[in-house]
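The next block holds one structure in the form of C-alpha coordinates; read it before the comments.
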Amino acid sequence: MTEKKLRFPEKNAWEISLRVRYSETDQMGIVYHANYLPWFEMGRTEFCRQLGISYREWEERGVLLPCVEAHCRYKRPARYDDLLVVRTVIRELKRCSVTFGYNVFREEILLTEGYTKHAFTDPQGKLLSRPEPFYGMLERRMISSESE
Amino acid sequence: MTEKKLRFPEKNAWEISLRVRYSETDQMGIVYHANYLPWFEMGRTEFCRQLGISYREWEERGVLLPCVEAHCRYKRPARYDDLLVVRTVIRELKRCSVTFGYNVFREEILLTEGYTKHAFTDPQGKLLSRPEPFYGMLERRMISSESE
Amino acid sequence: MTEKKLRFPEKNAWEISLRVRYSETDQMGIVYHANYLPWFEMGRTEFCRQLGISYREWEERGVLLPCVEAHCRYKRPARYDDLLVVRTVIRELKRCSVTFGYNVFREEILLTEGYTKHAFTDPQGKLLSRPEPFYGMLERRMISSESE
Amino acid sequence: MTEKKLRFPEKNAWEISLRVRYSETDQMGIVYHANYLPWFEMGRTEFCRQLGISYREWEERGVLLPCVEAHCRYKRPARYDDLLVVRTVIRELKRCSVTFGYNVFREEILLTEGYTKHAFTDPQGKLLSRPEPFYGMLERRMISSESE
(Lines give C-alpha, C1' and ligand atoms only; values in the text may rest on other atoms or scores of the structure.)
Protein backbone atom coordinates (compact mmCIF):
# COMPACT_ATOMS: atom_id res chain seq x y z
CA MET A 1 0.00 0.00 0.00
CA THR A 2 2.76 2.49 0.85
CA GLU A 3 4.02 2.81 -2.68
CA LYS A 4 0.55 3.17 -4.04
CA LYS A 5 -0.27 5.86 -1.53
CA LEU A 6 2.80 7.80 -2.66
CA ARG A 7 1.72 7.56 -6.29
CA PHE A 8 -1.93 8.30 -5.60
CA PRO A 9 -2.11 10.63 -2.63
CA GLU A 10 -5.43 10.65 -0.91
CA LYS A 11 -6.36 14.11 -2.05
CA ASN A 12 -6.41 12.78 -5.61
CA ALA A 13 -8.48 9.77 -4.73
CA TRP A 14 -12.25 9.86 -4.39
CA GLU A 15 -14.14 8.01 -1.71
CA ILE A 16 -17.67 6.75 -1.58
CA SER A 17 -19.34 4.68 1.11
CA LEU A 18 -21.86 1.90 0.72
CA ARG A 19 -23.68 -0.63 2.85
CA VAL A 20 -23.43 -4.34 1.88
CA ARG A 21 -26.76 -5.74 0.66
CA TYR A 22 -28.09 -9.14 1.67
CA SER A 23 -28.35 -9.98 -2.03
CA GLU A 24 -24.58 -9.54 -2.30
CA THR A 25 -23.78 -12.36 0.12
CA ASP A 26 -23.48 -16.04 -0.73
CA GLN A 27 -23.89 -19.22 1.26
CA MET A 28 -20.34 -18.86 2.64
CA GLY A 29 -21.79 -15.97 4.65
CA ILE A 30 -19.56 -13.42 2.91
CA VAL A 31 -19.86 -11.16 -0.14
CA TYR A 32 -19.70 -13.14 -3.39
CA HIS A 33 -16.51 -12.14 -5.16
CA ALA A 34 -18.16 -10.88 -8.38
CA ASN A 35 -20.11 -8.28 -6.43
CA TYR A 36 -17.08 -6.07 -5.83
CA LEU A 37 -16.99 -5.12 -9.51
CA PRO A 38 -20.26 -3.15 -9.32
CA TRP A 39 -18.81 -1.37 -6.28
CA PHE A 40 -15.75 -0.41 -8.33
CA GLU A 41 -18.18 0.88 -10.95
CA MET A 42 -19.90 3.02 -8.29
CA GLY A 43 -16.48 4.35 -7.33
CA ARG A 44 -15.57 5.43 -10.85
CA THR A 45 -19.06 6.82 -11.48
CA GLU A 46 -18.62 9.20 -8.57
CA PHE A 47 -15.00 9.87 -9.53
CA CYS A 48 -16.16 11.07 -12.98
CA ARG A 49 -19.00 13.14 -11.54
CA GLN A 50 -16.56 14.84 -9.23
CA LEU A 51 -14.21 15.62 -12.15
CA GLY A 52 -17.06 17.63 -13.63
CA ILE A 53 -19.05 15.47 -16.07
CA SER A 54 -21.14 12.49 -14.99
CA TYR A 55 -20.49 9.22 -16.81
CA ARG A 56 -24.15 9.26 -17.87
CA GLU A 57 -23.31 12.42 -19.78
CA TRP A 58 -20.16 10.84 -21.29
CA GLU A 59 -22.45 8.25 -22.85
CA GLU A 60 -25.03 10.83 -23.94
CA ARG A 61 -22.19 12.63 -25.75
CA GLY A 62 -21.12 9.41 -27.47
CA VAL A 63 -18.14 8.27 -25.39
CA LEU A 64 -18.40 4.82 -23.80
CA LEU A 65 -16.02 3.06 -21.42
CA PRO A 66 -16.41 -0.70 -21.94
CA CYS A 67 -14.31 -2.71 -19.50
CA VAL A 68 -11.41 -4.54 -21.20
CA GLU A 69 -9.68 -5.91 -18.11
CA ALA A 70 -10.55 -6.38 -14.45
CA HIS A 71 -8.53 -7.61 -11.50
CA CYS A 72 -9.37 -8.07 -7.86
CA ARG A 73 -7.42 -9.32 -4.85
CA TYR A 74 -9.54 -10.34 -1.86
CA LYS A 75 -7.70 -10.01 1.44
CA ARG A 76 -10.48 -10.12 4.00
CA PRO A 77 -14.17 -10.85 3.48
CA ALA A 78 -16.89 -8.21 3.56
CA ARG A 79 -20.16 -9.21 5.22
CA TYR A 80 -23.84 -8.26 5.12
CA ASP A 81 -24.59 -4.81 6.53
CA ASP A 82 -20.91 -3.79 6.65
CA LEU A 83 -20.41 -0.10 6.00
CA LEU A 84 -17.59 0.09 3.46
CA VAL A 85 -15.53 2.77 1.76
CA VAL A 86 -14.41 2.49 -1.88
CA ARG A 87 -11.41 4.67 -2.75
CA THR A 88 -10.90 5.29 -6.47
CA VAL A 89 -7.86 6.66 -8.31
CA ILE A 90 -6.68 6.88 -11.91
CA ARG A 91 -3.81 4.45 -12.28
CA GLU A 92 -2.93 4.90 -15.92
CA LEU A 93 -4.11 7.04 -18.80
CA LYS A 94 -3.34 6.11 -22.39
CA ARG A 95 -4.46 7.46 -25.73
CA CYS A 96 -7.30 4.93 -26.01
CA SER A 97 -7.82 3.68 -22.45
CA VAL A 98 -7.93 4.58 -18.79
CA THR A 99 -7.22 2.32 -15.81
CA PHE A 100 -8.85 2.98 -12.46
CA GLY A 101 -7.56 1.53 -9.19
CA TYR A 102 -9.74 0.73 -6.19
CA ASN A 103 -9.34 -0.06 -2.52
CA VAL A 104 -12.25 -1.26 -0.41
CA PHE A 105 -12.05 -0.59 3.33
CA ARG A 106 -14.11 -1.42 6.40
CA GLU A 107 -13.07 1.21 8.89
CA GLU A 108 -9.30 1.36 8.40
CA ILE A 109 -8.94 -2.26 7.29
CA LEU A 110 -8.19 -2.93 3.62
CA LEU A 111 -10.49 -5.72 2.42
CA THR A 112 -9.97 -5.72 -1.32
CA GLU A 113 -7.90 -4.02 -3.99
CA GLY A 114 -8.35 -4.09 -7.71
CA TYR A 115 -8.33 -2.25 -10.98
CA THR A 116 -10.39 -2.05 -14.15
CA LYS A 117 -9.13 -0.92 -17.54
CA HIS A 118 -11.57 0.71 -19.94
CA ALA A 119 -11.30 1.52 -23.64
CA PHE A 120 -12.66 4.78 -25.04
CA THR A 121 -15.16 3.84 -27.73
CA ASP A 122 -18.09 5.28 -29.64
CA PRO A 123 -21.54 3.65 -29.32
CA GLN A 124 -20.66 1.21 -32.14
CA GLY A 125 -17.58 -0.01 -30.28
CA LYS A 126 -15.00 1.83 -32.39
CA LEU A 127 -11.93 2.99 -30.45
CA LEU A 128 -11.66 6.72 -29.83
CA SER A 129 -8.34 8.50 -29.38
CA ARG A 130 -8.14 11.06 -26.56
CA PRO A 131 -11.88 11.93 -26.64
CA GLU A 132 -12.32 15.49 -25.40
CA PRO A 133 -13.29 17.04 -23.07
CA PHE A 134 -13.11 13.80 -21.09
CA TYR A 135 -9.50 12.94 -21.81
CA GLY A 136 -8.32 16.38 -20.73
CA MET A 137 -10.25 16.10 -17.46
CA LEU A 138 -8.59 12.80 -16.63
CA GLU A 139 -5.17 14.12 -17.69
CA ARG A 140 -5.37 17.21 -15.50
CA ARG A 141 -6.23 14.99 -12.57
CA MET A 142 -3.23 12.77 -13.31
CA ILE A 143 -0.89 15.76 -13.58
CA SER A 144 -2.11 17.38 -10.40
CA SER A 145 -1.49 14.07 -8.67
CA GLU A 146 2.06 13.70 -9.97
CA SER A 147 3.16 17.23 -9.33
CA GLU A 148 2.72 16.95 -5.60
CA MET B 1 -52.30 -26.23 -9.26
CA THR B 2 -55.17 -28.43 -10.47
CA GLU B 3 -57.09 -25.63 -12.06
CA LYS B 4 -54.01 -24.26 -13.71
CA LYS B 5 -53.13 -27.64 -15.09
CA LEU B 6 -56.56 -27.87 -16.65
CA ARG B 7 -56.18 -24.49 -18.31
CA PHE B 8 -52.57 -25.01 -19.38
CA PRO B 9 -52.04 -28.67 -20.05
CA GLU B 10 -48.46 -29.74 -19.94
CA LYS B 11 -48.19 -30.22 -23.66
CA ASN B 12 -48.72 -26.48 -24.04
CA ALA B 13 -46.11 -25.63 -21.45
CA TRP B 14 -42.42 -25.47 -22.19
CA GLU B 15 -39.77 -26.79 -19.84
CA ILE B 16 -36.14 -25.88 -19.40
CA SER B 17 -33.69 -27.15 -16.83
CA LEU B 18 -30.96 -25.23 -15.05
CA ARG B 19 -28.42 -25.78 -12.31
CA VAL B 20 -28.37 -23.33 -9.36
CA ARG B 21 -25.22 -21.17 -9.30
CA TYR B 22 -23.26 -20.42 -6.15
CA SER B 23 -23.67 -16.72 -6.96
CA GLU B 24 -27.44 -17.16 -6.69
CA THR B 25 -27.34 -18.19 -3.01
CA ASP B 26 -27.29 -15.84 -0.04
CA GLN B 27 -26.08 -16.17 3.53
CA MET B 28 -29.27 -18.02 4.49
CA GLY B 29 -27.83 -20.88 2.44
CA ILE B 30 -30.69 -20.74 -0.07
CA VAL B 31 -31.34 -19.00 -3.37
CA TYR B 32 -31.91 -15.27 -2.91
CA HIS B 33 -35.52 -14.55 -3.85
CA ALA B 34 -34.76 -12.03 -6.62
CA ASN B 35 -32.81 -14.65 -8.54
CA TYR B 36 -35.91 -16.54 -9.62
CA LEU B 37 -36.89 -13.72 -11.96
CA PRO B 38 -33.95 -14.30 -14.33
CA TRP B 39 -34.97 -17.99 -14.34
CA PHE B 40 -38.47 -16.99 -15.39
CA GLU B 41 -36.83 -14.91 -18.12
CA MET B 42 -34.91 -17.98 -19.29
CA GLY B 43 -38.19 -19.87 -19.36
CA ARG B 44 -39.96 -17.36 -21.58
CA THR B 45 -36.89 -16.93 -23.81
CA GLU B 46 -37.03 -20.64 -24.64
CA PHE B 47 -40.82 -20.54 -24.85
CA CYS B 48 -40.59 -17.86 -27.58
CA ARG B 49 -37.81 -19.68 -29.43
CA GLN B 50 -39.92 -22.80 -29.47
CA LEU B 51 -42.90 -20.84 -30.86
CA GLY B 52 -40.75 -20.04 -33.86
CA ILE B 53 -39.03 -16.65 -33.37
CA SER B 54 -36.38 -16.03 -30.72
CA TYR B 55 -36.95 -13.06 -28.42
CA ARG B 56 -33.63 -11.66 -29.65
CA GLU B 57 -35.26 -11.46 -33.07
CA TRP B 58 -38.41 -9.84 -31.62
CA GLU B 59 -36.19 -7.00 -30.43
CA GLU B 60 -34.27 -6.83 -33.70
CA ARG B 61 -37.62 -6.39 -35.45
CA GLY B 62 -38.60 -3.59 -33.07
CA VAL B 63 -40.91 -5.33 -30.58
CA LEU B 64 -39.85 -5.19 -26.92
CA LEU B 65 -41.43 -6.84 -23.89
CA PRO B 66 -40.67 -4.68 -20.84
CA CYS B 67 -41.93 -6.23 -17.61
CA VAL B 68 -44.83 -4.32 -16.07
CA GLU B 69 -45.68 -6.70 -13.23
CA ALA B 70 -44.01 -9.61 -11.49
CA HIS B 71 -45.17 -11.96 -8.78
CA CYS B 72 -43.54 -14.87 -7.05
CA ARG B 73 -44.63 -17.26 -4.31
CA TYR B 74 -41.81 -19.20 -2.63
CA LYS B 75 -42.94 -22.51 -1.20
CA ARG B 76 -39.70 -24.38 -0.64
CA PRO B 77 -36.13 -23.11 -0.96
CA ALA B 78 -33.83 -23.96 -3.85
CA ARG B 79 -30.20 -24.58 -2.98
CA TYR B 80 -26.78 -24.43 -4.63
CA ASP B 81 -26.21 -27.09 -7.28
CA ASP B 82 -29.87 -28.13 -7.38
CA LEU B 83 -31.00 -29.22 -10.80
CA LEU B 84 -34.28 -27.43 -11.43
CA VAL B 85 -36.99 -27.38 -14.06
CA VAL B 86 -38.82 -24.17 -15.05
CA ARG B 87 -42.18 -24.76 -16.73
CA THR B 88 -43.53 -21.79 -18.68
CA VAL B 89 -47.05 -21.14 -20.01
CA ILE B 90 -48.99 -18.20 -21.43
CA ARG B 91 -51.51 -17.19 -18.82
CA GLU B 92 -53.18 -14.28 -20.52
CA LEU B 93 -52.95 -12.49 -23.84
CA LYS B 94 -54.31 -8.99 -24.30
CA ARG B 95 -54.11 -6.47 -27.10
CA CYS B 96 -51.08 -4.73 -25.58
CA SER B 97 -49.66 -7.27 -23.12
CA VAL B 98 -48.91 -10.91 -22.45
CA THR B 99 -48.67 -12.67 -19.10
CA PHE B 100 -46.47 -15.73 -18.65
CA GLY B 101 -46.85 -18.15 -15.75
CA TYR B 102 -44.00 -20.20 -14.28
CA ASN B 103 -43.50 -23.16 -12.00
CA VAL B 104 -40.09 -24.13 -10.67
CA PHE B 105 -39.60 -27.76 -9.70
CA ARG B 106 -36.85 -29.86 -8.15
CA GLU B 107 -37.70 -33.36 -9.27
CA GLU B 108 -41.46 -33.48 -8.78
CA ILE B 109 -41.55 -30.95 -5.95
CA LEU B 110 -42.95 -27.50 -6.69
CA LEU B 111 -40.60 -24.91 -5.18
CA THR B 112 -41.89 -21.64 -6.61
CA GLU B 113 -44.67 -20.31 -8.77
CA GLY B 114 -45.01 -16.91 -10.32
CA TYR B 115 -45.96 -14.80 -13.28
CA THR B 116 -44.67 -11.82 -15.18
CA LYS B 117 -46.75 -9.45 -17.30
CA HIS B 118 -45.11 -7.72 -20.26
CA ALA B 119 -46.25 -4.82 -22.43
CA PHE B 120 -45.68 -4.84 -26.18
CA THR B 121 -43.69 -1.69 -26.96
CA ASP B 122 -41.45 -0.23 -29.63
CA PRO B 123 -37.82 0.64 -28.77
CA GLN B 124 -38.92 4.10 -27.57
CA GLY B 125 -41.35 2.57 -25.09
CA LYS B 126 -44.55 3.33 -27.03
CA LEU B 127 -47.27 0.68 -26.62
CA LEU B 128 -47.91 -1.55 -29.63
CA SER B 129 -51.25 -3.18 -30.33
CA ARG B 130 -51.21 -6.82 -31.42
CA PRO B 131 -47.73 -6.66 -33.03
CA GLU B 132 -47.49 -9.27 -35.77
CA PRO B 133 -46.28 -11.88 -36.41
CA PHE B 134 -45.61 -12.24 -32.69
CA TYR B 135 -49.14 -11.70 -31.45
CA GLY B 136 -50.50 -14.33 -33.82
CA MET B 137 -47.92 -16.86 -32.66
CA LEU B 138 -48.92 -16.35 -29.02
CA GLU B 139 -52.62 -16.45 -29.90
CA ARG B 140 -52.37 -19.72 -31.80
CA ARG B 141 -50.66 -21.27 -28.80
CA MET B 142 -53.43 -20.02 -26.52
CA ILE B 143 -56.14 -21.39 -28.81
CA SER B 144 -54.50 -24.76 -29.22
CA SER B 145 -54.31 -24.93 -25.43
CA GLU B 146 -57.97 -24.06 -24.91
CA SER B 147 -59.37 -26.33 -27.57
CA GLU B 148 -58.09 -29.46 -25.94
CA MET C 1 -52.01 5.49 -3.57
CA THR C 2 -54.49 7.59 -1.60
CA GLU C 3 -55.81 4.71 0.44
CA LYS C 4 -52.35 3.45 1.16
CA LYS C 5 -51.26 6.83 2.32
CA LEU C 6 -54.16 6.91 4.75
CA ARG C 7 -53.25 3.54 6.16
CA PHE C 8 -49.51 4.18 6.26
CA PRO C 9 -48.98 7.85 6.86
CA GLU C 10 -45.59 9.09 5.86
CA LYS C 11 -44.39 9.50 9.41
CA ASN C 12 -44.68 5.74 9.80
CA ALA C 13 -42.82 5.03 6.59
CA TRP C 14 -39.07 5.02 6.29
CA GLU C 15 -37.22 6.41 3.32
CA ILE C 16 -33.81 5.66 1.92
CA SER C 17 -32.20 7.00 -1.22
CA LEU C 18 -29.98 5.18 -3.68
CA ARG C 19 -28.29 5.80 -7.00
CA VAL C 20 -28.94 3.33 -9.86
CA ARG C 21 -25.85 1.30 -10.77
CA TYR C 22 -24.78 0.60 -14.35
CA SER C 23 -24.83 -3.11 -13.47
CA GLU C 24 -28.54 -2.81 -12.71
CA THR C 25 -29.47 -1.79 -16.28
CA ASP C 26 -30.14 -4.16 -19.16
CA GLN C 27 -29.95 -3.80 -22.92
CA MET C 28 -33.36 -2.07 -23.00
CA GLY C 29 -31.52 0.85 -21.40
CA ILE C 30 -33.59 0.61 -18.21
CA VAL C 31 -33.26 -1.13 -14.86
CA TYR C 32 -33.79 -4.90 -15.16
CA HIS C 33 -36.99 -5.75 -13.30
CA ALA C 34 -35.41 -8.21 -10.84
CA ASN C 35 -33.11 -5.51 -9.50
CA TYR C 36 -35.87 -3.74 -7.61
CA LEU C 37 -36.08 -6.58 -5.10
CA PRO C 38 -32.64 -5.87 -3.62
CA TRP C 39 -33.74 -2.22 -3.31
CA PHE C 40 -36.80 -3.36 -1.37
CA GLU C 41 -34.41 -5.36 0.81
CA MET C 42 -32.36 -2.21 1.45
CA GLY C 43 -35.55 -0.44 2.41
CA ARG C 44 -36.57 -3.01 5.01
CA THR C 45 -33.01 -3.31 6.31
CA GLU C 46 -33.04 0.39 7.17
CA PHE C 47 -36.64 0.16 8.40
CA CYS C 48 -35.58 -2.50 10.93
CA ARG C 49 -32.48 -0.58 11.98
CA GLN C 50 -34.60 2.46 12.62
CA LEU C 51 -37.03 0.41 14.75
CA GLY C 52 -34.10 -0.29 17.06
CA ILE C 53 -32.47 -3.61 16.08
CA SER C 54 -30.62 -4.15 12.81
CA TYR C 55 -31.68 -7.15 10.75
CA ARG C 56 -28.11 -8.41 11.03
CA GLU C 57 -28.74 -8.67 14.76
CA TRP C 58 -32.09 -10.40 14.20
CA GLU C 59 -30.18 -13.15 12.43
CA GLU C 60 -27.44 -13.25 15.08
CA ARG C 61 -30.19 -13.81 17.65
CA GLY C 62 -31.66 -16.65 15.60
CA VAL C 63 -34.60 -15.01 13.84
CA LEU C 64 -34.57 -15.11 10.03
CA LEU C 65 -36.97 -13.54 7.56
CA PRO C 66 -36.99 -15.69 4.40
CA CYS C 67 -39.12 -14.20 1.65
CA VAL C 68 -42.26 -16.23 0.93
CA GLU C 69 -43.93 -13.90 -1.56
CA ALA C 70 -42.89 -10.94 -3.66
CA HIS C 71 -44.83 -8.66 -5.94
CA CYS C 72 -43.83 -5.71 -8.02
CA ARG C 73 -45.71 -3.38 -10.36
CA TYR C 74 -43.54 -1.34 -12.73
CA LYS C 75 -45.14 1.94 -13.79
CA ARG C 76 -42.24 3.90 -15.19
CA PRO C 77 -38.68 2.77 -15.85
CA ALA C 78 -35.71 3.73 -13.69
CA ARG C 79 -32.46 4.49 -15.52
CA TYR C 80 -28.73 4.48 -14.85
CA ASP C 81 -27.57 7.17 -12.43
CA ASP C 82 -31.10 8.06 -11.35
CA LEU C 83 -31.30 9.13 -7.74
CA LEU C 84 -34.23 7.23 -6.26
CA VAL C 85 -36.13 7.09 -3.00
CA VAL C 86 -37.49 3.83 -1.56
CA ARG C 87 -40.30 4.28 0.96
CA THR C 88 -40.97 1.27 3.20
CA VAL C 89 -43.96 0.51 5.42
CA ILE C 90 -45.34 -2.49 7.29
CA ARG C 91 -48.43 -3.63 5.44
CA GLU C 92 -49.49 -6.57 7.54
CA LEU C 93 -48.27 -8.32 10.67
CA LYS C 94 -49.33 -11.87 11.46
CA ARG C 95 -48.28 -14.36 14.10
CA CYS C 96 -45.72 -16.00 11.79
CA SER C 97 -45.13 -13.41 9.07
CA VAL C 98 -44.72 -9.76 8.22
CA THR C 99 -45.45 -8.01 4.92
CA PHE C 100 -43.57 -4.89 3.92
CA GLY C 101 -44.80 -2.50 1.25
CA TYR C 102 -42.54 -0.36 -0.92
CA ASN C 103 -42.78 2.62 -3.25
CA VAL C 104 -39.89 3.70 -5.43
CA PHE C 105 -39.82 7.34 -6.49
CA ARG C 106 -37.68 9.53 -8.71
CA GLU C 107 -38.31 13.00 -7.38
CA GLU C 108 -42.06 12.97 -6.85
CA ILE C 109 -42.84 10.43 -9.56
CA LEU C 110 -43.85 6.93 -8.49
CA LEU C 111 -41.90 4.41 -10.58
CA THR C 112 -42.63 1.13 -8.88
CA GLU C 113 -44.68 -0.30 -6.05
CA GLY C 114 -44.46 -3.70 -4.49
CA TYR C 115 -44.51 -5.83 -1.39
CA THR C 116 -42.62 -8.75 0.09
CA LYS C 117 -43.96 -11.16 2.67
CA HIS C 118 -41.53 -12.82 5.06
CA ALA C 119 -41.94 -15.74 7.44
CA PHE C 120 -40.37 -15.70 10.90
CA THR C 121 -38.12 -18.77 11.10
CA ASP C 122 -35.20 -20.12 13.04
CA PRO C 123 -31.89 -20.86 11.24
CA GLN C 124 -33.17 -24.36 10.37
CA GLY C 125 -36.22 -22.93 8.64
CA LYS C 126 -38.74 -23.79 11.37
CA LEU C 127 -41.57 -21.27 11.73
CA LEU C 128 -41.46 -19.05 14.80
CA SER C 129 -44.55 -17.54 16.41
CA ARG C 130 -44.34 -13.89 17.45
CA PRO C 131 -40.56 -13.91 18.05
CA GLU C 132 -39.68 -11.28 20.66
CA PRO C 133 -38.45 -8.61 20.94
CA PHE C 134 -38.82 -8.26 17.19
CA TYR C 135 -42.53 -8.92 16.92
CA GLY C 136 -43.30 -6.35 19.59
CA MET C 137 -41.24 -3.75 17.79
CA LEU C 138 -43.15 -4.29 14.57
CA GLU C 139 -46.48 -4.33 16.40
CA ARG C 140 -45.84 -1.05 18.20
CA ARG C 141 -45.05 0.54 14.85
CA MET C 142 -48.29 -0.81 13.39
CA ILE C 143 -50.35 0.46 16.33
CA SER C 144 -48.78 3.90 16.29
CA SER C 145 -49.63 4.07 12.61
CA GLU C 146 -53.27 3.07 13.07
CA SER C 147 -53.98 5.32 16.02
CA GLU C 148 -53.34 8.49 14.07
CA MET D 1 -2.92 -18.84 -26.19
CA THR D 2 -0.34 -21.15 -27.78
CA GLU D 3 1.74 -21.52 -24.65
CA LYS D 4 -1.31 -22.10 -22.53
CA LYS D 5 -2.61 -24.73 -24.88
CA LEU D 6 0.70 -26.60 -24.57
CA ARG D 7 0.51 -26.54 -20.80
CA PHE D 8 -3.18 -27.38 -20.61
CA PRO D 9 -4.05 -29.61 -23.51
CA GLU D 10 -7.71 -29.67 -24.33
CA LYS D 11 -8.25 -33.18 -23.11
CA ASN D 12 -7.44 -31.94 -19.61
CA ALA D 13 -9.80 -29.03 -19.85
CA TRP D 14 -13.51 -29.26 -19.16
CA GLU D 15 -16.13 -27.50 -21.21
CA ILE D 16 -19.62 -26.36 -20.40
CA SER D 17 -22.03 -24.39 -22.53
CA LEU D 18 -24.45 -21.69 -21.46
CA ARG D 19 -26.87 -19.24 -23.02
CA VAL D 20 -26.53 -15.53 -22.11
CA ARG D 21 -29.44 -14.24 -20.04
CA TYR D 22 -31.13 -10.89 -20.64
CA SER D 23 -30.41 -10.05 -17.00
CA GLU D 24 -26.69 -10.34 -17.75
CA THR D 25 -26.67 -7.50 -20.30
CA ASP D 26 -26.30 -3.81 -19.52
CA GLN D 27 -27.35 -0.66 -21.34
CA MET D 28 -24.29 -0.89 -23.61
CA GLY D 29 -26.11 -3.86 -25.16
CA ILE D 30 -23.40 -6.31 -24.09
CA VAL D 31 -22.79 -8.56 -21.10
CA TYR D 32 -21.83 -6.57 -17.99
CA HIS D 33 -18.24 -7.43 -17.14
CA ALA D 34 -18.92 -8.73 -13.62
CA ASN D 35 -21.22 -11.41 -15.00
CA TYR D 36 -18.38 -13.50 -16.39
CA LEU D 37 -17.29 -14.46 -12.87
CA PRO D 38 -20.41 -16.55 -12.17
CA TRP D 39 -19.76 -18.29 -15.52
CA PHE D 40 -16.23 -19.10 -14.36
CA GLU D 41 -17.82 -20.48 -11.19
CA MET D 42 -20.10 -22.68 -13.30
CA GLY D 43 -17.02 -23.89 -15.15
CA ARG D 44 -15.15 -24.94 -12.02
CA THR D 45 -18.29 -26.44 -10.47
CA GLU D 46 -18.56 -28.83 -13.42
CA PHE D 47 -14.79 -29.34 -13.46
CA CYS D 48 -14.92 -30.57 -9.84
CA ARG D 49 -17.96 -32.77 -10.48
CA GLN D 50 -16.17 -34.37 -13.38
CA LEU D 51 -13.10 -35.04 -11.17
CA GLY D 52 -15.36 -37.16 -9.00
CA ILE D 53 -16.71 -35.07 -6.11
CA SER D 54 -19.13 -32.18 -6.58
CA TYR D 55 -18.13 -28.88 -4.98
CA ARG D 56 -21.36 -29.06 -2.98
CA GLU D 57 -19.93 -32.17 -1.37
CA TRP D 58 -16.56 -30.46 -0.77
CA GLU D 59 -18.44 -27.94 1.37
CA GLU D 60 -20.53 -30.61 3.10
CA ARG D 61 -17.24 -32.29 4.09
CA GLY D 62 -15.87 -29.03 5.46
CA VAL D 63 -13.62 -27.77 2.66
CA LEU D 64 -14.43 -24.35 1.22
CA LEU D 65 -12.84 -22.52 -1.71
CA PRO D 66 -13.20 -18.77 -1.09
CA CYS D 67 -11.91 -16.68 -3.98
CA VAL D 68 -8.74 -14.73 -3.12
CA GLU D 69 -7.95 -13.33 -6.56
CA ALA D 70 -9.79 -12.90 -9.85
CA HIS D 71 -8.69 -11.62 -13.21
CA CYS D 72 -10.49 -11.20 -16.49
CA ARG D 73 -9.49 -9.90 -19.90
CA TYR D 74 -12.36 -8.99 -22.22
CA LYS D 75 -11.47 -9.27 -25.89
CA ARG D 76 -14.83 -9.29 -27.60
CA PRO D 77 -18.27 -8.69 -26.11
CA ALA D 78 -20.82 -11.41 -25.46
CA ARG D 79 -24.44 -10.56 -26.19
CA TYR D 80 -27.93 -11.64 -25.13
CA ASP D 81 -28.91 -15.12 -26.28
CA ASP D 82 -25.36 -16.01 -27.39
CA LEU D 83 -24.54 -19.66 -26.92
CA LEU D 84 -21.14 -19.74 -25.21
CA VAL D 85 -18.59 -22.33 -24.15
CA VAL D 86 -16.55 -21.99 -20.96
CA ARG D 87 -13.35 -24.04 -20.94
CA THR D 88 -11.83 -24.63 -17.50
CA VAL D 89 -8.37 -25.86 -16.53
CA ILE D 90 -6.26 -26.03 -13.38
CA ARG D 91 -3.50 -23.50 -13.79
CA GLU D 92 -1.64 -23.89 -10.54
CA LEU D 93 -1.92 -26.06 -7.44
CA LYS D 94 -0.26 -25.06 -4.18
CA ARG D 95 -0.39 -26.44 -0.67
CA CYS D 96 -3.15 -24.02 0.37
CA SER D 97 -4.63 -22.81 -2.91
CA VAL D 98 -5.69 -23.73 -6.42
CA THR D 99 -5.90 -21.48 -9.46
CA PHE D 100 -8.35 -22.22 -12.27
CA GLY D 101 -8.04 -20.74 -15.74
CA TYR D 102 -10.97 -20.04 -18.06
CA ASN D 103 -11.61 -19.25 -21.68
CA VAL D 104 -15.02 -18.17 -22.93
CA PHE D 105 -15.79 -18.84 -26.58
CA ARG D 106 -18.63 -18.13 -28.99
CA GLU D 107 -18.21 -20.73 -31.67
CA GLU D 108 -14.44 -20.72 -32.21
CA ILE D 109 -13.93 -17.08 -31.23
CA LEU D 110 -12.26 -16.36 -27.89
CA LEU D 111 -14.26 -13.66 -26.11
CA THR D 112 -12.75 -13.62 -22.64
CA GLU D 113 -9.98 -15.23 -20.64
CA GLY D 114 -9.41 -15.15 -16.93
CA TYR D 115 -8.43 -16.96 -13.80
CA THR D 116 -9.56 -17.23 -10.20
CA LYS D 117 -7.40 -18.28 -7.27
CA HIS D 118 -9.05 -20.01 -4.31
CA ALA D 119 -7.75 -20.77 -0.83
CA PHE D 120 -8.56 -24.09 0.87
CA THR D 121 -10.30 -23.21 4.15
CA ASP D 122 -12.53 -24.73 6.76
CA PRO D 123 -16.00 -23.25 7.39
CA GLN D 124 -14.50 -20.77 9.88
CA GLY D 125 -12.09 -19.45 7.25
CA LYS D 126 -8.94 -21.17 8.61
CA LEU D 127 -6.48 -22.22 5.89
CA LEU D 128 -6.24 -25.94 5.20
CA SER D 129 -3.09 -27.60 3.86
CA ARG D 130 -3.57 -30.18 1.10
CA PRO D 131 -7.11 -31.17 2.15
CA GLU D 132 -7.74 -34.77 1.07
CA PRO D 133 -9.22 -36.38 -0.91
CA PHE D 134 -9.71 -33.16 -2.85
CA TYR D 135 -6.08 -32.14 -3.14
CA GLY D 136 -5.11 -35.53 -4.51
CA MET D 137 -7.84 -35.36 -7.11
CA LEU D 138 -6.60 -32.00 -8.36
CA GLU D 139 -2.97 -33.16 -8.27
CA ARG D 140 -3.64 -36.28 -10.33
CA ARG D 141 -5.33 -34.13 -12.95
CA MET D 142 -2.32 -31.79 -13.03
CA ILE D 143 0.12 -34.70 -13.38
CA SER D 144 -1.86 -36.39 -16.11
CA SER D 145 -1.84 -33.06 -17.94
CA GLU D 146 1.94 -32.57 -17.62
CA SER D 147 2.94 -36.10 -18.53
CA GLU D 148 1.49 -35.87 -21.99
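For reference, chains read A, B, C and D in written order, and residue numbers begin at 1 within each chain.
Simple rule for what comes next: a residue touches a chain if its C-beta (ideal position, glycine included) is under 8 Å from a C-beta of that chain, and two chains touch if they have at least 3 such contacts.
Being a predicted model, the structure only gives us computed values, none of them experimental.
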Most widely separated chain from chain C, with each centre as the mean of CA atoms: D
Chain pair showing more contacts of the two, A-B and B-D: B-D
Mean-CA-position distance for chain D and chain A (Å): 25
Cα-centroid distance, chain A relative to chain B, in whole angstrom: 36
Euclidean distance of C-alpha centroids - chain B vs chain D, Å: 30
Sequence positions of chain D contacting 2 or more other chains: 22-23, 28, 30, 34, 37-38, 80
Residue numbers on chain D that touch chain A, as the complex places them: 28, 30, 33-35, 37-38, 64, 66-75, 77, 116, 125
In the complex with chain A, residue positions of chain B that touch it: 22-23, 25-30, 32, 34, 80
Chain B contact footprint on chain D (complex, rising order): 19, 21-23, 37-38, 41-42, 45, 54-56, 80-81
